[in-house]
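Chain lettering (A, B, C and D) follows the sequence in which the chains are written, and residue indices restart at 1 in each chain.
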Amino acid sequence: MNLVFAIIALITLASAIAAMCLRNLVHCVLCLTVTFTGIAMTYLQLSAQFVGFSQIMVYVGAVSVLVIFALLMTRGGNELNLRDWNPRHWLIGLGTGLLTFGVMATGIFKSSLTRSAAPDSKTESVKTIGESLLNEYVLPLEALALLLTVALIGAALLAMPERKTASSPHSDRPQTKGDPTN
Amino acid sequence: MWFEDLLISLKQQIVMIAPEHFRPVFSAMLSTIPILSAFGGLFAVITLVERKMLGRIQNRYGPNRVGPGGIFQPIADGIKMLTKEDIIPFSANQFLHLIAPLLLLVTAMLGLAVIPFGHKLVAVEFEAGILFFFAIGGAAELAVFIAGWASRNKYALLGSLRAIAQMISYEIPLVLSSVAVLMAAGSLSLPEVVEAQAGGIQSWYIWTPWGFLGCILFLIATLAEVNRSPFDIPEAESELIAGHMTEYSGFKYAIFFLAEFVAMFAMCALTATLFLGGFHAPLPILDFIPGPFWLFAKLILLVLLFIWIRGTMPRLRADQLMEFAWKFMLPMSVMNLVTTGVWISLGGGVFAWVVGAVMNAGAYFGWSRLLSQSSRVKPRVYRYAEETKANV
Amino acid sequence: MNDLISYIWLIPGLPILAALALTFWPVAKRKGAAWLAISAMALSFVISLFAFGAVPRSAEEGVVTRLIHNFTWFDVGTSSMRIGWILDPLNVVMLVMVTFVSLLVFIYSMGYMEKDPRFVRFYAFLSLFAGAMLGLLIANHLLVLFMCWEVVGLASYLLIGFWFQKPSAAAACKKAFITTRIGDLGLFIGMVWLYGEAGTLLFYDAGQGCLESSSLRLIASLPGMAGMTAAATIGCLLFFGAMGKSGQFPLHVWLPDAMEGPTPVSALIHAATMVAAGVFLMARVHPLLTYPDAGTQALSFITWVGAITALIGALAACAQTDLKRILAFSTISQLGYMMLGLGTGGVAVAMFHLITHAFFKALLFLGAGSVIHGCHDEQDIRYMGGLRKIMPVTFATYGVGMLALAGFPLVTSGFWSKDEILHAAAHWHGHPAPFIMALVGAFLTAFYMTRQMCHVFFGKNRLQERENASEEHPVVPHESPASMLMPLRILAGLAIVAGFMGTPLFPWFQSFLEGGTLEWHGTALFHGSTLGLLIGSSALVLGGLIVGWWFYSSLVFDPLRDKDPLDEKLPAGWFATLRAKFYLDEFYESTVLEGARLLAMGAAWLERHVMIPMMPLFAFGTRIMSWITRFWDEWVINASFDRSCKGIQNQSERVSTAHTGNIQFYLQIVALGFVLLAIIWIWGGGQ
Amino acid sequence: MDTLIPYLLLSAGLFCVGLTGVMLRRNAILILAGVELMLNAANINFVAFWRFHPGADDMSGLVMVLFTIAIAAAEAAVGLALVISIFRHYRSTDPEILEDLKG
């Protein structure tokens, strides 16, 4: 049990770090997909099947593909330089990240909540989830439906080509102010 | 029933042979190996049948040289594929190039794990089985992308992007039309869906108005999902050579082929499970014939239907394909959900049947009329060409 | 049968549905449209007959049994708006009469409007008109009644102005609408007042309605205006509405002008729907007026107005030359009789005359329509004449109607119903003048109807002498088609028969309306003053007929060349006054309209000679004010404000350097802040 | 003994990796990916706490995860659309150039 989890966690973390470090963007996304799959495996580990499958369906099936499409659509721009990491304060950023992790880890080890053992068997039933979605959480569910609709329309509108302006995807330079090279 | 019980007890006996620690693994292998071998064999048979049938449709013989009537053609094909040179393009990403067909095959085969082949004959019994099926199916898109991207070939990349766009678009009506069945059965578990259709041909879901429309939508979406003709644009030879498979050869190509067929089998098995009563016999008298037989019979019938469609239908254009998915399939499947809701709230019966039929037929005719009025078939738009012209 | 009450809405509902169908479905064929409207009306008539059978008669004197169906229309907060239908003897006889007369008018219109291009629209309006009137009849709620009342007004506006291409018709429909609206103002105020006092507008509601004893007691005890009780005041206010609708003096001026509409419309307005609404309203709220010691002033007001109207209408009718205008003034006069009867005798007396009048007035108008149709839209009686031979059916039926209107003794319905009114007026305790005015009116009625008959049907035909007639295209009068004659025949029969349901010998009508046992009063005719009054009124009527014949017989008089005999006999100027309808229109013109004009001129003068000269003064004041504020602005506000702005700007320039515009930098700050907080939390021993 | 700690540590690790990526990557798409990572880290916490919660039928944790997944998907869609829209204007997805509001 713990061994399986350790392997999964290791793969997940490693691929997450790879996703945030690699130079090649497509590789980044593929690593990200592995991370998402690892997280789904963690859910299955925690005997949350429904959520795990949802995770695979949404993240592996949809979000990563979306990211890939976005990547392929934003190619060929005026990349400033080849260095992908932010050159100015990458050390500060890294430090902040490590500091955050340290603080969180300290908090986790200090907390008394984490001492309790898991109940022996806890099964998630799809029916119960559905019932609590439609009883207790029906209002958030409806709001979410609205949000998804709005997001769908909004994303389509945002990504639509702007016909009026001259800055079509194939024109050479933007007409907007702000020279990006300074 | 007797057949399934026999199989299960047999498996338990065999598992006992293994040492204690290996029993779970052994049990899993005993569940999977028959399924995989059955579908592998089916793959061989179906490729031959497809070529023969297409030949008949096109007024020619089809393979008839190897063995009597060409029945050993699959074996010959296999040998040919295995002995061909495996070419990896120089600039391709070797690891990803290798892993793509395997990933595709794995996703296709994993889908079979939740299909109930008979009473209690299901490899893994998940409570959210159908969700698993679709989730794994979603991962196939990623495999297609990896194949296209790792090849470092423009045709391959374009083909894979087309395939992904198509699969994502058609996944929505696919899932929505199966949701209708889940609503009626009240469960996400496929064995329970099959149980809900027990009792002969008249209780299959295809005979309800929503089931009928849902089944048709599901079949169309399935065609698109497995890139079969008339939705085989990603592999349109005349446009994209072979799509994401352009840079593959030899055994990897064969694996692509196998994955595609297994995916088709899995989808057909799911169709049969959702709408055609799964492993149930059409008449209660025929119950003595084991369930797997019926499931495979239905599956093969559907596959033959697909081959027939491939032989008769011309290929769609890419923009028409997407318009069809978003403008027709999606509204119809949403409408089908509404109809299902009405059906359930009316509690079935003749009245509900009439209401549902009227709702669905009205939606179909009204919507298709509206669509055909609003958009006559338009010439293909070359946006890139137009805009450059405008800029010049 | 008692659940019929819940379907009673079908009676107005069907014609209104037909009207809607004809309005929104304009592709209907002309014939089909007419038959749709007619069949809807016929169904309403059948339902009305069932309703008539369903209304129970009560054997007890003064107690009326009513079928009531009340329901909640909508809820406002905790209180709910309840409306309802009612079915009682009062409205059931009206229902039968209105549906029947409307049905005949509908059938008649098929012939009369045959060539009109807006035939379908005409039937839509007619159906709306009749439907609204029927809704008014079955309403058990004053507001519902008022709404139907207004729809009746609207439909009358549409129908009177149906030939709106004629300027006179356009003016007439506006006049009708506005004049009745003046009366409606009174009705509306009365309604609001009634609601304020009684708290409900339901007429009958199991003891809670505003016309039932508990509310009546309350209203009768409250003080109203001008020394009257609230009941009397409300009654008077409601009567204002009735005055407008039923053409009572002085709001009767629209009624003669309403003759600009098509003749079937006139028939419908005068016989069945519009003018009857006012009388019906007063009959409906009659309990309010007759509550002991509460409504006497209102009743005498109604009586006087009725008597004056009866006399004035009759007088004006004597001098008119337009065929339909004479009938219009006769209607005004007869409506005056009804109000007189209502004021002196009660509901049954007025309603009896209303019913009989409806039949013979519908007959007269339809007959007049037939004459006009036959004479190719000629309406001036001086150019008619001799039609007796050419239009025999029209002549015979018109003669019956004329005799009924004049009140020819014993055989006609008008005699019996008018006699009831005279009887009631004679026994009125107030003043003898109304009775005498009514007698004079009765004499004049016979006189002017004889005058009209002589002009139209006797002598020789003068249609050729019209300017537009020529030798090549002679204007030849002809008899009307069967669809127009059939209603005439039916109505002629009824104009005679209807009277016998309310003779003193066998007063079925009174007992039906007011309750009480019905029996044969064999000697009632010879009882007390009844006989004298019968003989007296008969003599008056016969006298009127004889005088009329003597004046206007074709043997001695040619309308086109001779001066009107009445003009010769009367002192100079009297006849002109009568012909000009007592100059009432001119009076309104010079008072109301002139007043409004003077007001406008006054306002213009004020503008031109007072406001404009004052303008420079204002401007100068404004300039001075602005000088002061400018000084203040420049030397006090700006100075301090500019300095402080400068300071803020300098400071904010320093602060704004923190805004790098880089989200990642911001996020870093946020993360560090989080780390800081977490450290503090952990350091503080947080769990 | 199986405790919450490894799950929480995994979650914290993922969160910090995502955070660092968001702070340092120069491609807006990968910044969005980092945000997704952070959201997923939170989700792991939800599921882990649900698993270790003694109540039998309380599904709140899972429901929250489902909500988060849906919202994150919407966020990804809108965010990527924004990135594409930005790319059309500036020909770049580097957040550093988006500093028109710089003080």
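One rule holds in what follows: a residue touches a chain if its C-beta (ideal position, glycine included) is under 8 Å from a C-beta of that chain, and two chains touch if they have at least 3 such contacts.
Here the structure is a predicted model, which means the values were calculated and not measured.
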If each hop has to land on a touching chain, what is the smallest number of hops from chain B to chain C? 2
Chain whose Cα centroid lies nearest the overall Cα centroid: C
Roughly how far is chain A from chain C, centre to centre by C-alpha average, rounded to an integer in Å? 76
Round to the nearest whole Å and give the separation of the Cα centres of chain B and chain D. 33
Averaged over CA atoms, how far is the centre of chain A from the centre of chain D? Could you give it in whole Å? 5
Taking the mean of the C-alpha atoms as each chain's centre, how many Å separate chain A from chain B? 29
Multi-chain contacts in chain C, i.e. residues touching at least two other chains, fall at 664, 668, 671
Counting only residues that touch at least 2 other chains, which ones in chain B make the list? none
Contacts with 2+ other chains: residues of chain A: 50, 54, 62, 69, 86, 93, 96-97, 100, 104, 113, 161, 168
Can you list every touching chain pair? A-B, A-C, A-D, C-D
Looking at the complex, which residues from chain A come into contact with chain D? 1-2, 5-6, 9, 12-13, 16-17, 19-20, 25, 28-29, 32, 35-36, 39, 42-43, 46-48, 50-51, 54-55, 58-59, 62-63, 66-67, 69-71, 73-74, 77-80, 83-86, 90, 93-94, 96-98, 100-101, 104-105, 108-109, 113-119, 122, 124, 128-129, 132-133, 136-137, 140, 144, 147-148, 151-152, 154-159, 161-162, 167-169, 173-174, 176-178, 180
Could you list, by residue number, the parts of chain A that touch chain B in their complex? 26, 30, 33, 49-50, 53-54, 56-57, 60-62, 64-65, 68-69, 72, 125-127, 161, 168, 170-171
Per the contact definition, I'd like the list of chain D residues that touch chain C in the complex. 19, 22-24, 31, 95-96, 98-103
Would you tell me which residues of chain C are touching chain D in their complex? 655-664, 667-668, 671
Flag every residue of chain C that touches chain A in the complex, lowest number first. 664-665, 668, 671-672, 674-675, 678-679, 681-682, 686-687
